[in-house]
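Here's the structure, in structure tokens; my notes come after.
Going in written order, the chains are labelled A, B, C and D, and every chain counts its residues from 1.
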Amino acid sequence: MSKPKVGFYWCASCGGCEESVVDLAEAILDVTAAVDFVFFPVAMDFKRSDVEAMADGAMAACMINGAIRSSEQRAMAKLLRRKAQILIAYGACSHQGGIPGLANLFDRQSILQTVYRDTPSTVNPGDIRPEASTRIPHGEVELPVLDEQVKSLDQVVPVDYYIPGCAPPVQLLKDALAAILTGRLPPKGSVLAPDKALCEQCPRAPSKPDNLLIDQFKRPHLERIDPEKCLLAQGFLCLGPATRGGCGWACINANMPCTGCLGPVSRTRDYGGAAMSALASLVNSNDEAQIAAMLETIVDPAGTFYRYGLPASLLFARAGANADKGGHEP
Amino acid sequence: MIRQIHEPSRIGVYVCHCGMNIAAKVDVEDVRAFARSLPNVVVAKTYKFMCSDPGQEMIRKDIQEHDLNRVVVASCSPLLHEHTFRRACAAAGMNPFHLQMANIREQVSWVTPDCALATRKARALIHAAVRRVADHYPLAKERVNVHPAILVVGGGIAGIHAALVLANAGKKVYLVEREPSIGGHMAQLDKTFPTLDCSACILTPRMSQIRTHPNITLWTYAEIEEVAGFAGNFKVKVRHKPRYVKEELCVGCGECVSACVFKEGRVRDEFNQGLSKRKPIYMPFPQATPNVAVIDPQSCLKIMRGKCAMKCVEACPRAAIDFEQREEHTDIEVGAIILATGYRTFDARKIPEYGYGRFPNVYTMLEVERLVNAAGPTGGDITLRDGARPQTVGIIHCVGSRDRRHHPYCSNVCCMASLKMAHLVKERTGAEVFNFYIDMRATFKGYEEFYDQVLREGVQFIRGRVAEVTDWAIRPAEKGKLVIRVEDTLVGVVRRIPVDMVVLATAMEPQEDAAAVQRKFNISCSQDGFFLERHPKLGPVSTFSDGIFLAGVCQGPKDIPASVAQAGAAAAEALCLVDKGFVEIEPNTAFIDEAACSGCRTCIPLCPFQAITRDAVKGVAVINQALCKGCGTCVAACPSGAAGQNMFTDAQIYDEIEGVLADV
Amino acid sequence: MSSNVTLPVAKEFEPRIVAFFCNWCTYTAGDLAGAARLAYAPNMRVIRLMCSGRVDPEFVLAALRQGADGVLIGGCHPGDCHYREGNYKCLRRFQLLCKFLRQMGVEEQRVRLEWIAASEGDKVQKIANEMTAQLKLLGPLRLQITPRVNGRPRAAECPPAPTKGVAP
Amino acid sequence: MKYLYYPGCSLKGSGRPYEESLLSILDRLGVAVVELAHWNCCGATAYMSVDEVQAFALAARNLCLAEECGGPGDVHLLAPCNACYLVLSKAQVYIRQYARIGQVVAEALRAAGLEYHGRIKVRHPLDVLWNDVGVERIKKAVTQPLQGRKIACYYGCQVVRPYATFDNQHNPMVMDHLLRAAGAQTVDWPLKERCCGGTLTGTMEEAGLRLSYILLKEARARGAQVMATACPLCQFNLECYQDRMQSRFGDGIKMPVAYFTQLLGMAMGIPASKLGLDRLLAPPKPVIPTATPDAAGKGAI
């Protein structure tokens, strides 16, 4: 009996998700014993044409990490969707748009200007920009076209499951693989992680007061952090109450507040909205000016509460910023 | 906690014409047809008056015939008729909470002049209701027993009457008054209009009934500190101010007052409006109830400086004086509360052109009431500050009322009070009396006849708002007099009327602390600052807080008969509640889905009623259903969607949002 | 390509306003406006909640997502909350939400919090008119929404299907 | 706090004693004022009656200039003449409340390269002395109290009505309080904000004179020895026509009419020459002993 075929592909991502596979350590041997990788560009030499040559549905499962921002990524997502029976969005970017998704706060044109013209380290006197197609003596070469916005995978193709995290915790990957191999999968559309918030079994939970109100929001890089006490009780914006558990409190254990990479639990419509509602409610003042002063220290609400999920949020992107249509494919 | 999976929705939609109230602006037929086209709607009908018996009967029949399990009524505000339609649904065997109303009268037909736009808005609201109602699940009201005692706040005529009605009905009543004696403003009046009864003669017996009634606990010199709980089960903390005289020992003999080291009164006598002086230890007024002395800590040497010969202590034969008295608190439980906190009079200094506070012979009506009163500072002699008798008196109406700079409302009693005063002044002094009015309002039983009588007595009436009262004499006849300058609008000339005495009919206005009291009791104030009744016509003594009723002027300016009538009505409403024995509580409480709760405790500090605690064993939040009032603050704050609110679930609200926004 | 949802542009743009009114003050004020026949722009659609403290920022975002051009939250005046402090909790959330909305390019006139007492029917009228006029000037809210391509339920797109309740 | 000082035409002409005494006492009280450069007519009196909008444009130009040199935030513009105070305040209100007037004025300003942003607070010396300086500081500055001299405080028709909020519109008291702080007694008289005749005295002398005469007569009847005023035109009407009143009404009133700032200055021991006392026709000297120029000049201006 042949082993199930599995693919692993990356789009707009940092490579951390691949690292999370390597983090399986010796367990990776069990994985390779159980499945055949038929597509894994980072680790193995397969080409797109190899995938194109496969029959539709030939792969038992394919995991895609990274957000979708270019014509190439979109094309690959569609291709892999056809070839895989189960398509899994792997990691925060694929799941919710991830950190690349914060680009949706700006329009494409200004991003290109910043990158190719305005940053202090840019030396580009001719203002040379990547072109979709360039004529060179040998003919015409093409580059992927950068889309107007960053999208999560499920905004491009139908997705069956999600493995959350930036990068996904090893245990979630192990559990997911086991579920795929045994066929004991939850209903489609599920996020393959616990559906309770991180606080549930947080090692610091016992130090959280029942009647916590917050007088001042502190920023972790400016303060000394007590390594044992509940971070929220210390005034640090820990997003644990709003974030899906399952990460093993990696950040908390490293004495850093949760930044929300596993995204919301299933009952939340908008992760940032829920997190803002909870945290702002705890502001210990009824005075308009004082509340405003306390919220001053949350300098970047979008970056704080939507760090991993602006594209999956209800607003998706900055309103009305869509002036530049240049990047769109027909 | 259970998950309810209900059968497929079968919705009936009922669009009310409300006569022409809705039908004149909303194309009810169009709306009906639209509703019928929506998914899961099996029947949609219109009717002239849905709240009428035939209307309700139609709904009831339809529920049975069409096997409906959800009903949407598009009519007036749910605050008006939700109960009516819930009853109709329940009568047909449907869970009453499977009803949703769309407010297409107050929020559509009455506020939207354009028919097409009104119809469109009505469609949107009905669309939202139809979507929402599909999410409803069965609920039931909880019954809570009612504590049989009743609290009456304020011991003026309204509070006194309400307390007596309730006590006579066999109910335990607490009457709390913040002054040292009950009686209120009525005790200060000389005569009452239009019958000219002696105010004290009709009030005093009532006051002593309060004192002796076995069912009434009277606490004077006491204030309400805190109110918690809800209809049927209020927990009230009462603060007793120290009067430094033991109430149970004092018999009101007055020996202490005569003995006080102050030989003469030096302190403004509140009861006489400052027209006389009292001592630091004093009897509030001759008929005070309880008839007990009180020591004013602001002027008593012993209390202020710690040094005094304390002649009062020596003089008291019953050793009732106790300088060690401190503030005390009592906690009581009551089922209903009647607020009868009364009013204060407008400060005439705010209209400097009338000269009150500048010219000694400008008085307020209440001051003159004391002057006229035989028990007042002059023994009933109407004299000016220098002892002279006024030959001419001007009474100015609407001082502070019907005035955009101060109170736009009509103060209701000033016309009649001014007529009464004109009569009394003329009768006692023979002076010529001028009344300056804007409009004469003499609308109740016997009032117009009284007006007519006063006219025939020769009192002069000049229609016009007085411009100023001045001591600037420009004619010899004006020398040494106060001149009232007014446009006589019936003649069309500006007149200068020299008088010896000016009486200002000052407006009734809300008590200074009305806003604080309103917050304490969790009720509302109307724009004028008086307490807001539940409905101006149909709920004039109820408030938006169940179990709290209003009596007397705290709800709006009114005279004695109206105050007493309203007090009786408030007492009856309170009796209804207490005699029924239970209240039903809307099941809009919040709850926690334990399977979803991470135990993050965000909700716990947000609950204003301390209804949420943490179950340490399960590590989840728990909401005490008896304490939860259903605001939903915790639900909105829950970051992981574990908290929900009955009647206002997230799903229901999202459906409404989508419903009102759909292009329909 | 992304399907940018744009509102149908009528002859004159008619903004859509979703209003969340608390039961005790603002909703009652709305009824009072009706009883007093104070006509106002029909663009506002009211959703009744027991308290402004029930207003979850997610509701505001959902309304904007669903095509609202503006959202109005109406609560009791500070100190007057029927539930003591729900309006303050609302105020705290509202302030943070506004900060976020500004970053997202949502003009501040689009999302408002107003204290409207039960007696202030005229204020309901005034604000409904004022907001409608302001939104007409601003034009439609141009959100660039990319919906999910498959219809499978996920929390961020679909209402949670089963409703929960307390056993009566 | 710094104040921009808008003198208007009067304080440079017939009202010079007002300017001199005001600046002297402000200096003594440590209040810094800077005269607004390039100011023009406020737009009062005849202009306002003939062409209201153009009068507003004149006023607005001054407001713009003040805003330009007043720096960021609220700018306090001190307008001592009652007419200036009224017109500048009125212009602010009309520009804001009536779009049509606001537009015309804005156009006119644009032609001069100006724009008004509404940052000006128009202040009267009574307001500044009462609210910003405070009675306590004035009491401290008094070296030669006015020794119970009876003064009738005459506010005039313009200063408290209808825009001012610093005093009661029917019975203003601020000037009374200030002069009492300087040791004077003020008489209670009911004509504090009645008309002095204004410009009528120049056009319909009969009517104007009568109005002024009523004021003086009543003040005298109340025992006043001096009348204090805060308006150049009032001062002029009440003082300069006393002879003519005598011939017309057969009643010789000789009552000094001084600016309240002069009386405050006298109480502070500021020499007469710095208070413009010598410019008055009937100086209050006979009734109020003034400081000897040298003795009182110590440490003064």
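Heads up, the rule we're going with is that a residue touches a chain if its C-beta (ideal position, glycine included) is under 8 Å from a C-beta of that chain, and two chains touch if they have at least 3 such contacts.
If you're wondering where the values come from, they're calculated on a predicted model, not measured in any experiment.
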Comparison of A-B and B-D by number of C-beta pairs in contact, larger one: A-B
Relative to chain A, chain with the most remote C-alpha centre: D
Where chain A and chain B are represented by their mean Cα positions, the distance between them in whole Å: 57
Between chain C and chain D, centroid-to-centroid distance (C-alpha), Å: 53
Inter-chain centre distance, chain A versus chain D - centres from mean C-alpha coordinates, in Å: 71
For chain B paired with chain D, centre-to-centre distance based on mean C-alpha positions, whole Å: 49
In chain B, residues with contacts to at least two other chains: 606, 633, 636-637, 641, 650, 654
In chain C, residues with contacts to at least two other chains: 56, 62, 85, 89, 93, 155, 160
Residues within chain D bordering two or more other chains: none
Each pair of chains that touches, named by its two labels: A-B, A-C, B-C, B-D
Contact set on chain B toward chain D in their complex: 351-353, 358, 468, 470-472
Contact footprint of chain B on chain D as seen in their complex: 168, 170-171, 188-191, 218
Chain C partner contacts - residues on chain B that touch it in the complex: 1-6, 77-80, 103, 105-108, 110-114, 117-118, 120-121, 124-125, 128, 135, 137-140, 515, 518-519, 522, 524-527, 532, 544-545, 587-589, 591, 593, 606, 608-609, 625, 629-633, 635-637, 641, 644-646, 648-658, 660-661, 663
Touching residues on chain A, where the partner in the complex is chain B: 195-200, 205, 208-213, 240-242, 245, 264-269, 274-275, 277-279, 281-282
Chain C to chain B touching residues, read off their complex: 8, 16, 18, 23-25, 27-28, 30-31, 33-35, 37-40, 42, 45-51, 53-56, 59, 62-63, 66-68, 79-80, 82-86, 89, 93, 117-120, 125, 155, 159-160, 162-168
